[in-house]
Every structure is written in structure tokens, then in C-alpha cells.
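Taking it in order: structure first as C-alpha cells, then the write-up.
Chain nomenclature is as follows: A, B and C, assigned in order of appearance, with residue numbering initiated at 1 for each chain independently.
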Amino acid sequence: MGSILNTDNLVKRFGGLTAVDKVTLNVEEESIVGLIGPNGSGKTTLFNVLTGVYRPDAGKIFFRRERIDGLQPHQVYIKGLVRTFQTPKIIQKMTVLDNVMLAVRNPGESLLAALFRRRRWIGFESRLRERALEILRFLGLDKHAYTPASELSGGQMKLLEIARALISEPKMMLLDEPTAGVNPVLAYTIFDRVEELRKRFGITFFIIEHRIELLMKYVDKVYVMHQGKLIAEGGPNDVMNNPDVVKVYLGSV
Amino acid sequence: MVINWLQVLMNSLVWGCMYLLVAVGLSLTYGLSRFPNFAHAEYVTFGAYMAYMFFSILGLDLYLSVGLAVLSSALLGGLSYVLLFKPLKSRGASLIHLMVASIGLGLLIRHTLMQVFGGGILSFKMIWPCISIGPVVTTPLLLTAIATALIVATLLHILLMKTKLGKAIRATADNPELAAASGIDMDRVSLFTWLLGAALAGFSGVFLAMRSSLVPLLGWKVLLQAFAITLLGGIGSFYGTLAASFILSLSENLGVVALTWLGLSADYRSAVAFIVLVSTLIIKPEGLISTVKRRA
Amino acid sequence: MPDPLMYALDAVAYAGIFGMLSLSLNLEYGYTNLANFGKVAFFMVGAYVAAVMARMKYPFAVYALVAALVAGFIGLLTSLPALRLREDFLAITMIALGEVMKLIVKNEEWLAGGVWGLSGIPPAVVVQGLSFRERLLVQIALIYGCLVACYVVCELIAKSPYGRVLKTIREDELLAAAYGKNVFRYKACTFALGSAVSGLAGALFAQYMGTVSPYMFEPTVTFSVWMMVILGGPANNTGAVLGAFLVEGFHRSSRLLKDYIGLPLDPINLQVMLTALLVITVVFYRPQGLLKERITPLDRGLLKKLKPMYRRVKTWVRS
């Protein structure tokens, strides 16, 4: 298996603060890699840089052997790299189903097609709806498909985020704290699904998590970030026993 | 065509001073309350009409009339903040709603004035003797305008730098959350800014109307310049506004020279302000001196 | 003393034209959160293009289309730099643009008649031997035909995947971008379409009024259209049209009110003052407007109704 995502000395500064400090990492295809670190260490910022929300000040990003730094977020998505958000970005004024369906590039999304070539996308739209319902069923949300998304609970919103990421059939998913605020049983379910998706569809996962004990059961490799720098990488056990890592976590508690 | 460059400079100075008085209030309230108040133009108009009412209709002393006009404008600004904008903001009105409400308020003020004073052209019926200072021609009115602007600028500088209230204003403009957390009474700061801004606007209205004539669109005609200056100088920054007023004024007057040379109508001088506005937004939207953090 | 029926019909005609403006702003603001405060500029462009071409005896279908295309094109050009601006900057720029365009029209007499404008615009549909009242009814039929067409177009857009993207952009641009939508393209497209519809409304207005002049296109027009959208309820096309009727009705009544109050008030001043108060009241107490946004799944309703209609039309065309 080759590398699907790797960066070379990635840097992002905000004024005087260096949020991402010469980060060089590599994620192998079809692996599940974790990213841990105390709050404020720059993990979400790293995700933002990887997906084009921020332009890096220095360094390169390669996705499937193509350079993607400098691309806009929607272009990164088209390459097959999808991310979820720490705080679920739910569109309140749409149904749950619409929230999921918007994730896919739809021929009906062009203005001309919407008005004049309806036949082109009506079929696509109903097939998409079937897929969306299936995914919602997979995650236990199908009963809420036609309700406004604002009526979901916090945990359900997290699942909606994941449903959205799933329906886009990405090559790689960046999950930002997928189990935050979710009950432990559901948290395990989410990770079980992640593993299933890796096995079934070969999706690579790069996951920010705070539930370290849970994360360690599923990942092949872990990166540890602190104050913008990667201070450790390796298998779960090696990292957990790394004195630097322990110090950083004890110090921050 | 012979161009009297010193006259051009003089005109730029005069207009810069008048624009400064208009724009300061707009910039400060925009920075503080986080929305552009389109009714600001009508504070200018209101001040002019009030001066007219006190002086030309009620026959009061000139200086008294102007003073009362400035106070009335301040009152108008304060009322619009207390009765309209503050309650709207506390109800969580969106930026667009605030803008629409401010346009509505502006129209309300303007048409009330039109109803009371008629929609036609009014005049203060003052004849200003031309004063020649070397090759430059001016009038006592314009010299007074310059003097007023300089005094106001100095006073504002002292206020902002040396007084507690001034420091509170600067802190609030820079970082409202931090200012509130530090115990600054945001309400008092805001009210003062709105009163001050409208007062200065009214003052400028008096000069603008006395310089030419008093029409209902008096303030609206300079609103574009006021916005261009506000954006160029940096929303919420007094010093930015100060610099930008003169930069714009100079550009406009040079523009008029160019227009005359090209044989185009001098009405297009507003196009200069438009170009400055658009250029600022394209090149450096935060303006020269950015005090307000850009909303992400 | 004007014939009250004529007055009412005139109001109906105005309401129809403004209904289209309202729909276009609803598309821009209600669905995509674009603060288009320059609506009157595109209305004016459409009206002037139509005026010039109508005086040259082009048929309505031709000049209406050209007016819409020109307005749409200018909208597109404007959107390229302008849409990157945040809402308040966009608003300021658009209002300024409208004023500068009026300035050009007022000063360039060769272009558009300067301050005197253009007159002698023939109506779109001329049927011989009709009374004044009947000609007015023909106008209304034309205007409302176009209004219905615009309404259908806006509804189709709102209920399509394109509309779904617009709503996403409105609520959360970053999310839209994260899921592959080229946010800028959607905004520009929507803005251009809205401008084109405004241009069409302008063309109808020009042939209805018979003359155009810069004084017919003050910023109060933009303000009234905003009122219509806010009052009717943003992101609801029926609401947009309803808002147009209500505001136009309000305009007319407030002008008539002068006769009943007995105060020496100028009707136009009274109209503007009351309209301003109305807008302030609405923004204060019911900013979400009258009709709510519909959060229904996409293909219910309209699609199901349209599919068999589409088939029927096709078979009719083929026969």
C-alpha cells in the first residue's frame, strides 16, 4: 500500500502564533490513523490546512501523489478528501435527508439542468435519496429523515456529520472528534462503523480524538501534536509509553 | 488651461475638513455598533435644516443657531441609537435588518424634513466676501470650517488619548468582548459615540448648506464620500478617518481638474469616491488603520 | 378625479412588475443571503435597454430578452468583484453603484436622454380599437403572464438540488465548500439570474409607463423591494409576491390617506414616511416575515405535478 496523504514541513501562522509548525506526516492507504494532543495544539487547524480552508505559509501537501496545497476547499473535496467538523455543521432550515443529500455532487446542481434538463437529474436524485436513506438506516437516523435537522439531538447531529461524509464516497476521511459528547456505546458503534468502512470500501481515516483509550483500540498509527509540532508518532503502544507524550498530557491536566 | 494648483490644494483642504466632520461619526458608530448607518447622511441634513430653522425662521443669533443645530443633531443620533438600533441589536437583528432599518430611518427623517420645510431649495441668504490669500481665494465660511475641523480633531485626539472615556472608546472599538469583560460600560460608550457622531455630522451639514444651498438630499450627496473615507481609513479608526478625509478630498479635486481637462461633466466627481471605495475593498478592505477585527 | 378602477388597475400592474423584482431579490437574499442593495440599478438597465429598442420598433419578445440578458450580464460582471465582499461592504458598494449609474445616465444625453429620459415608448401589445381600460387589461395580462413564468422558474430553482446548494451556502459557506460546491460560482450565477429577472421587469415597466427617466429609479425603489421580501417572508416565493402586493397596496393607500386625514400633507412624503415606519416595525417585531420558509423534501408537490404536465406538453408539441 502506498501513501495516500503526506505533508512536507507544513507551516501555518496566525500573526505571531505558529499554529502548525513544520508538520511532516504520512498516512498509508486504507489505514486508520489517529491524531491526539492537548487542546489548542493545532489539530483542527492542521485539518483546515489540509482541506484548503487555510493556505499554508510553507510546506507541501500531497494527496494520492498530487500536490493539493493551495487548492480551495471545494477542489480538495473533488479530489476525494472529505472532512467532518468538530461542531456539527447542520443546516437548520433543511430536513435531515437534505442535509445528507447535499454532500454529493449532483447534476441537478447546475442552474441550467435545474430548469431545463430535469430528466437528467430526477433519476439521479431518487437513487441518491435511496442511498441516503440507506446510510441513515445504517446509522440509526432513518426515522428522522424528513424532520428538520434542527430537531436532532447533539449525538444525532454527530451521526449526521458522518452520514454526510459517508455518502460522498471519499477516498479518505478526516474526522474531527467524531465521538465528542456522544455516549460510550454510540462511540464504540461509530468506530466499529469506521472499521467496517475501511474493510468494505477501502477508505482511509485520519481521526482527531480525545477518547484515547477508545482510539487506541482501532488505529494502526498515532500522531501526537503539541503546540503545533508533531512530538511523537508510531503504533498505539509505543506512543502511549513515550515519556514526552505522557509529560504533555500530565502537564496539561 | 491654466490650473491654479494652490487653489486646488485649498479646495482639498476645505473639503477634507468638511468630509472629516461627516465621516468621523459614521466611522465610529460603524466600528462600535458593527453596521453601516445609512441614516447618518440625514443627521447631516437635519443639522442644516435645524440651523436654518433657528437662524432664518426664528431669527436667532447665528452662533446660537449653529450651536442648537449641533445639539439637535446629537439628540437625533442619540434617539436613533436608543429607540431603534440598540433594541434591534438586543433582539439579535441581523446585519441586513440593521442596514434596512437604517435606510428606513434615513428616509423617514428626510421626508419629515421635506414635509416640514418643503422639498425645494432653501438658502441661508448669506453673502460671503471673497478673501484672497495670495493666489488662493476663499471665504470666511470656509476658513471657519477649516478651523472647526482642526479644533474638533485636536479635541478628539485629546479625548481619545488622554481621557478615561476616550480610552474606553478605543478599547471597545478594538475588542468589544474584552472591553465589556474589563468592566467598561458599553452602553455609555456607545451612546456617547452616537451623540458625538451625529453632532459632528450636523455641524458639517451647516457648513455644507451655508456653502451652497439647502436641499433635502444634502447629506445623501456626501454619503458616498463618507463611506469611501470610512473604509479607506479603517472602520472605527479616528486617525484613519482623519487621513482618509484628506486623501479622498485631494483625489476628488484632482479628479475634477482631470474631468474639466477631459471635457467631462464635473458631476462625475462622485465617481472618484466610488473608485476609491471599490479600490479599497479590493486591495485592502481593512483600510489604512484597521482597529476592528474582521468578522471571519 | 381619477377613475378609481383605473387607479386600482394601475396598482395591480405595478404590483405585478414589483412582484418580479421581489422574486428576484428573494432568490438573491432569501435563498443565498446576497445583500443586493442595488436592485434598482438592474431594473433601470432593463428599462433603458427596452426603451431604446422599443423606440426603434423592435418587438417586445426581442427587446425584453435583450433587456434581461444585458441586465444579467451586468449583474454577472458586478458580481465578480463584489460577491467576495461581506454583506455590509456589498450593500454599500451596490448602493453606490446604483447612484453612479444614475449619474452616467443623467449626464450622457446621447446615451439615454439625460435628465429628460426617453419617451414615446410604444406598449408591447397593440390591439386596434380598444378603450383605455381594455388596453390596461391587456398590459396586466402581459405583466402577470411574465410574473407567473418568473414564479415558476423561482419555484423550480428552490425545489431543485441547485436550490439546496443555495440554502447551504446561505447558512454555512464553509460547509458548502467542504462538500465540493464552488460557492463563488453559485453566488455569481444566482446574482446574474436575479439581475436578468430585474431587467425583464424593467422592460415591462418601460413599455407600461411609456417613458423612462433617471428620476424613476431612486434608491427608494430598492428599499421598497427589500420591504417586500422581508415582509412576505424571505425564502418563500409566494411570500415574495404577497409582499409585493401588500407593499404596493400600502403605498397606494398611504397616498390616498392624505384625502382622509385632512392635514396638508404631501402624499409622496406621507407614503415614504409610513413605509419607513412599516419597515422598522416589521424588522422589530416580525423580522422573519409573514410566510415561513418551507422545509419540505425536494421532489414532493411541484415535481409530481409538473412531470405529467411536461409529458402532456411534449405530446401536444409533437402532434
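Following the convention adopted for this analysis, a contact is a pair of C-beta atoms (placed from the backbone, for glycine too) under 8 Å apart; a residue touches a chain by one contact, two chains touch by 3 or more.
All values derive from a computational prediction rather than experimental measurement.
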*Nearest-to-centre chain - CA centroid comparison*: C
_Chain located farthest away, centre of chain B as origin (C-alpha)_ = A
*Using mean C-alpha positions as chain centres, tell me how far chain A is from chain C in Å, no decimals.*
42
*How big is the gap, in whole Å, between where the Cα atoms of chain A centre and where those of chain B centre?*
49
*Which integer distance in Å separates the CA centroid of chain B from that of chain C?*
33
*Would you please write down the residue numbers of chain C that are in contact with two or more other chains?*
none
_In the complex, chain C residues that touch chain A_ = 153, 156-157, 160-165, 167-168, 171-172, 174-183, 189-190, 193, 235, 293, 295-299, 303, 306-307, 310
_Residues on chain B engaged by chain C in the complex (per definition of touch)_ = 35-36, 38, 84, 87-88, 91, 93-97, 99-101, 103-105, 107-108, 110-112, 114-115, 119, 224, 227, 231, 264-265, 267-268, 270-271, 273-274, 277-278, 281-282, 285, 295
_Please output the residues of chain C touching chain B within their complex, sorted ascending._
29, 35, 37, 81, 85-89, 91-93, 95-97, 99-100, 103, 106-107, 219-220, 223, 226-227, 230, 265-266, 268-270, 272-273, 275-277, 279-280, 283-284, 287
*Inside the complex, what are the residues of chain A that reach chain C?*
51, 53, 72-74, 77-78, 82-83, 85, 89, 91-95, 97-98, 101-103, 105-111, 113-115, 118, 121-122, 125-126, 146, 148, 164, 168
